[in-house]
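Listed below are the structures to be examined.
Look for chain A in each of the two complexes below; its partner is chain B in the first and chain C in the second.
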Partner chain A sequence: MISTHRMTRAAYLESLEVFRGFIKERCAAVPGVTDEILYDMQLAVDEACTNIISHGYAGMDPGSIILDLNIDSDKITISLTDFGHAFEPSSTPIPDVDAPIEERELGGFGLFFIQQSMDEIDYQVTEDGNKMILTKFLRKLDGG
Partner chain B sequence: MLKYFRIKQEPEKVVPDLGAISISLLERDATLPFTIRQLNNLPENVKQRMYRGLIPPALLTRFGIDPIQWTNASKEQMVSLKAEENSEKVLLTAQSSPNVSDEFFALELADNSLNGIELNLIVLNDPATPRYSIDQTEDGAPTMFGTLKRNLRAEEAAMQAGLAPGQVRAGLGSSRVVLEQLEAFLSMLGHRAYFLEPLTYASAWVFERRGFAYVRGHKLMDDIHREFQPGGKLYQYLDDRSPFRKRNQASTVRGCAWAIHDGILETLDLRWDNIRMVKQIGRHAGVETFSQGTY
Partner chain C sequence: MKTEVQQENNTTIVKVTGSVDALTAADLSKVLTTQITDGRTNLVVDLTGVEFMSSAGLRTLLGAVKEARSNGGDLRIISTNPGVDKVLKMSGFNNIAKVFPSQAEAVSSFGS
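Let's look at the complex of A and B:
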């Protein structure tokens, strides 16, 4: 592990810009992090945090979102922890992006965007919070 | 956004119901957490050995109390353990002298409905400092630390002496070491987090500094801080209408806490209610809602 960083903010929309800035500040100069990778990570965190704000903390005065950033030589791992309602990733259908636009339902693209932006996604419900762990590899692993 | 997002209807227990603690259970997976109730069902001496780990030994020796026997030099019992069989709570209290009625240390833990751990009560009072009877009215009725009723004269004196709402004496300055001890105890049990509901704005701020995050109320804390800034709505209501609403209170955590205790949030249709905090074992959340704040 090269470095670890942590930022905690309240779960409301104004925090998204702070998280985006934090990721840029900590990752932009990391070898292997291109503008595209940076954008993908910011997009994934934006979508994941929006879900926490809209659903995880729905119906209560919002609690915290903890963003942990672990920077390795070959990957960046972003862990988002919240203490709201846990969600069921397995029950979340992936939208049909090939359907004609008039037949598509509004919304439902958050998890899809996260999956498209990141290389690995894990979700855990633990005693110390709900954790979405997003991984971005910085270079392709050589086969064999 | 996730239109199809599904939240879990029934939260799962973080600690399974394992039954009584036995040697065979101890030999199993060491990461399995134990509940307070399980500890309370242990034999008395085993229970005492376990709960001894909840009080920092140096805190006891500071008051001349033997950290093993819990007695003073005269062999009088100075630490009390209330951990009844089948109860989901444990209360530990310690007093500095048989003649001093107030405890300098009190800590209550409880299992919650998910078998996680709640810190229900933590009191760290310096018995050598003056006492302010904010916990009872002038005719002796309990005030529940000023939450049910108020003893305004005692509260004003306490505020002028530099205390925060809810304090009957100055603090011991030991919250860091006590909470570190608590974490060591909970990690021994196999827990990864514990929870509490802060009594006051000042205590929430202290818990932030000790590494807590919010389950509920982080936005409220941000809102409170913003509105206490010059030009903010709460700042406007620091208008000298009571001894607890002076303009200069906005610059300190205690000052804001006394104004909140005095009901200033009602001017914004808010209440100091339902705030819930969480501490991840071994991790500092880094929350700072009153940045660079003076206590």
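Let's look at the complex of A and C:
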């Protein structure tokens, strides 16, 4: 592991920009991180935090979001921890991106964008909070 | 996020700069709804100054496209940022609304 970083912020929409800025600040100069990879990671973190703020802490006092960033030579792992309501990613419907506008739902893209932007997604409900672990590989794996 | 509204021929251009996320999308939505309510339904949203846009921004744009069309107009996009382009493409937005690389092309697409 090359380096680890942590940022904790209150679950407010104002924190979204701070988390995106943190990803940029820590990852932009990492070898193998292109502008596209950087945007993908910022997008995934933004969408995951928006879900935590809007749904995870719904009906509760906003708690915190902890972002742990692990930078390796071949991958970047981002873990987001919250202490709100857990959710089941597999039960979230996938939006129909080919539907005509009349049939389009306006929302539902958050988790879809996370799935499209990251290489691996894991979600765990633990005694230490709900954890979404997002991985981005910096090199193509052999045989991929 | 900041917005600036300009009029060119029969088209209203809403130039957006900064980030369109879950915090700021509501402000963009208000600006676009105001234009449509006031009868300016031929809209071009210029996203070339947008450094980041999430699904919240996309939801706002989809809603405004529907609103503009139901009022007899349309909403078209100018985008040159690869990240913003990717968000538009991932969601299939570019199959629903026209996306142009320049203001001249977007404005002229409405005719004079």
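Just so it is clear, the second predicted complex is superposed on the first by the 143 of 144 C-alpha atoms of A that agree within 3 Å, B and C clash if a C-alpha of one lies under 4 Å from a C-alpha of the other, contacts with A are read in each partner's own complex, and residues count from 1 in each chain.
The criterion applied here is as follows: a contact is a pair of C-beta atoms (placed from the backbone, for glycine too) under 8 Å apart; a residue touches a chain by one contact, two chains touch by 3 or more.
Just so it is clear, the structure is predicted and the values come from calculations on it, not from any experiment.
Asks: Could you classify chain B and chain C on chain A, in the superposed arrangement, as clash or fit?
Replies: In the arrangement built by aligning on chain A, the partners chain C and chain B fit side by side.
Asks: Just to be sure I read the superposition right, which of the two partners does A:G110 touch: chain B = first, chain C = second, or both, or neither?
Replies: both
Asks: Identify the partner contact of A:H85: answer first if only chain B is touched, second if only chain C is, both if each is, neither if none is.
Replies: It touches chain B, and chain C stays clear.
Asks: Give the label of whichever partner, chain B or chain C, reaches more residues of chain A.
Replies: B
Asks: Have a look at where A:V125 lands relative to chain B and chain C in the superposition and call it first, second, both or neither.
Replies: Touch partner of A:V125: chain B, not chain C.
Asks: Contact-wise, after the overlay, does A:L16 reach chain B, chain C, both or neither (first, second, both, neither)?
Replies: A:L16: touches chain C, not chain B.
Asks: Applying the touch criterion given at the start, work out whether A:S54 contacts chain B, chain C, both or neither, answering first, second, both or neither.
Replies: both
Asks: Determine the nearest approach in Å between the Cα atoms of chain B and those of chain C after overlaying the two structures.
Replies: Across the overlay, chain B reaches chain C at a minimum of 6 Å between C-alpha atoms.
Asks: For chain A, which residues lie in the overlap of the chain B contacts and the chain C contacts?
Replies: 47, 50, 54, 106-107, 109-110
Asks: Going by the contact rule set out above, which residues of chain B touch chain A in the complex?
Replies: 1-8, 11-12, 14-15, 33, 116, 191-193, 213-222, 274-276, 278, 280-281, 283-287
Asks: In the complex of these two chains, what residues of chain C are touching chain A?
Replies: Touch list, chain C to chain A: 19, 21-23, 52, 54-56, 58-59, 62-63, 65-66, 69, 82-83, 86-87, 90-92, 95-96.
Asks: What does chain A use to touch chain C in their complex?
Replies: On the chain A side, the touching residues are 13-14, 16-17, 20, 35-36, 39, 42-43, 46-47, 50, 53-54, 95, 97-101, 104, 106-107, 109-110, 112-113, 116.
Asks: Given the complex with chain B, which residues does chain A contribute to the contact?
Replies: Touching chain B: residues 6-12, 47, 50-51, 54-56, 58, 60-64, 66, 81, 83-88, 91-93, 105-111, 125-129 of chain A.
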